[in-house]
Amino acid sequence: MTKGRMEAFSDGVLAIIITIMVLEIKVPHGNSFNDLLPLLPIFLSYVLSFIYLGIYWNNHHHMLHTVKKVSGKILWANLHLLFWLSLVPFVTGWMGENHFAAETMALYGFIMLMAAIAYFFLQNSIIHSQGEGSLLKHAVGNDLKGKLSPVLYIIGIAMAWVNEWISGAMFVLVAIIWLVPDKRIEKILKSEGE
Amino acid sequence: MTKGRMEAFSDGVLAIIITIMVLEIKVPHGNSFNDLLPLLPIFLSYVLSFIYLGIYWNNHHHMLHTVKKVSGKILWANLHLLFWLSLVPFVTGWMGENHFAAETMALYGFIMLMAAIAYFFLQNSIIHSQGEGSLLKHAVGNDLKGKLSPVLYIIGIAMAWVNEWISGAMFVLVAIIWLVPDKRIEKILKSEGE
Amino acid sequence: MTKGRMEAFSDGVLAIIITIMVLEIKVPHGNSFNDLLPLLPIFLSYVLSFIYLGIYWNNHHHMLHTVKKVSGKILWANLHLLFWLSLVPFVTGWMGENHFAAETMALYGFIMLMAAIAYFFLQNSIIHSQGEGSLLKHAVGNDLKGKLSPVLYIIGIAMAWVNEWISGAMFVLVAIIWLVPDKRIEKILKSEGE
Amino acid sequence: MTKGRMEAFSDGVLAIIITIMVLEIKVPHGNSFNDLLPLLPIFLSYVLSFIYLGIYWNNHHHMLHTVKKVSGKILWANLHLLFWLSLVPFVTGWMGENHFAAETMALYGFIMLMAAIAYFFLQNSIIHSQGEGSLLKHAVGNDLKGKLSPVLYIIGIAMAWVNEWISGAMFVLVAIIWLVPDKRIEKILKSEGE
């Protein structure tokens, strides 16, 4: 099965990205809980990014369930997505170490926006390759979440210079939207099986 | 087989966590054995965490043997477990570099406690998804080890401020309990096969 | 299937190389976009290397499609390729941090040249192992890209001391040549299937 | 197939170890070839360790070919091997950064010796689990290489304080012994297939 290696490679890259982020939480010099306090913003941004990457892995996993064969175009659309996600540890670290300063949050939102667009491209490549009666197209439906996310990211980016809390709230909101169980593809696959 | 990617991703993350920990053992500047002496506590905490992660990988491996299909809930319960385990290199490094100071040991125990709870959640999600006559439920039985571990962790955490040796003994004890070959699932699987 | 583990190991190494490179983009101390400016050359070299590694993974993926059994010679030819690719994060970081200085670019080109030669060796080992009527030999054809790349690398290396822009243009050109969809193997495989 | 995950996990750990070593080759500050000169011993030790790990991966790959089912004992024997191999980046870096000083070479040899012993244990666990007529036992035969390596390591360790060149020669010799194609298992497997 030709998609096996694409899944394996994506799993590998996502597993490394999610784990490498923890290296940004540098071991402090002191040995008391107080010495951990300055790490709190870094930890919080780690949690947020971990959840984001978990969502991406989850959705990627479901999306590829509908794929039977992989074209060169899909391979590159996938690498394009992985490229933006590979920058997540950097922006997570930068945002966390600077206590959610305006421009660090804007860049975080920008990278997330680019990843969302890359995911959208990948999804479209797959749908296009499946032709008429695409299983993925059916599963995605009106893709409300997919359309809402970029809007929230853009609001989050713009708000970074106004109020960092609103900006952060937007990014958290995107995560919450996706964390709500997305039965779409699971349902379609199940009904296919019947 | 739908669980394949969840296994691959978990293997990837666990492999990276277990290997990244070694980066905390920083190459010393001197070139004699004496220069390695200050690294001893870091090395010991590395060994302990390596064994813990080996146990987790082992148990995870056996547990997933009983799983046939993976739901969204199980995927997230798994990511939740990986989240706490991803913090192991950090707490291992902090504890080792501070020569097992009280609060560093307490945090180590806390992360291990959270991982144990996350493992318990994952186990329950799988049992629940298997419904009546769950193979895993049967295999786990009264889950003595699973129930004892959190108690030992909590004693270990509380003892960190009293006596670091007792605290450490608790953490080592948990590892020993699990290292003793756990034939439960293997047995059940074997009898299933017959 | 004996080639499964060779693919898995290669995927693992390539996934790690591609992700570890991002660690060279060190989080800056300031919190404004201006603080990111010094990172631009590092980022650009990261993008170039990411694309190169993506191309290698892609070609590797297609090439192994034609392989049925793996000999010890092929395993070592593969490890030899991975060795040169494992040095990519180092040369990428060195080139980026030194703003594409002459000798850093020459070394970058040299490592890429060695990787290309290693890839050529691997390809030949596979063709040789397939004997008469090798599917891969048929697929590769006159291997124009494979022959052109080393020439461009050598020009790029020589030009590093003359004009860094020409040197860089050579390296970018190689990437573009390979990015243009390479239908060769896909076509052959398809016609095999019919 | 129950051994799939053990292979995947081992591949993951070995891939990470082999790649993480390259992080010990720190990007120098200068931008000329002269600035690379101090890195030469680090590079040489990297090459040696890369070859060692390649050999381990290769042999591990062949050995597991003979395995049908994996017991808890084999899983732990495998983790034990991975533990010693996980220390290779550390000893490689220490030896390289200290220009092959006596005690750094002795430690390098010691870790390699422990890995060889761990490999021997793993091999024995598998042979034992296969019972009478073990395919692996047959394939390993008198295991000349396996018996010679520890002897050479011990000579290498002892010689570290006498003459570093002899010590290094021993370690290189072990690698050469193993690099010579080992047809044993391949042959046996082939004759099994017939």
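To keep things simple, chains are lettered A, B, C and D as they appear, and every chain counts its residues starting from 1.
FYI, contacts are C-beta pairs under 8 Å (C-beta built on N, C-alpha and C of every residue); 3 or more make two chains touch, one makes a residue touch a chain.
Only a predicted model underlies this, so the values are computations on that prediction, with no experimental measurement involved.
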Q) Which is it for copies chain C and chain D: same residues on both faces, with over half shared, or different residues? A) different
Q) In degrees and to the nearest 5, what turn takes the CA positions of chain B onto those of chain D? A) 90
**Q.** Relative to chain A, chain with the most remote C-alpha centre
**A.** D
Q. Using mean CA coordinates as chain centres, what's the chain A-chain C distance in Å?
A. 26
Q) Distance from the CA centroid of chain A to that of chain D, rounded to the nearest Å? A) 37
Q: At least two other chains touched by the same residue of chain D: list those residues.
A: 8, 12, 15-16, 20, 23
(Q) Applying the document's contact rule, which stretches of chain C touch chain D when the two form their complex? (A) 2, 5-6, 8-9, 12-13, 15-17, 20, 23-24, 71-73, 75-76, 79, 82-83, 86-87, 89-90, 93-94, 97-98, 101-104, 107
Q: Note which residues of chain A are touching chain B in the complex, please.
A: 7-8, 11-12, 14-16, 18-20, 22-23, 25, 27-28, 31-33, 36, 47, 50, 54, 57-58, 61, 65, 179, 181-183, 186
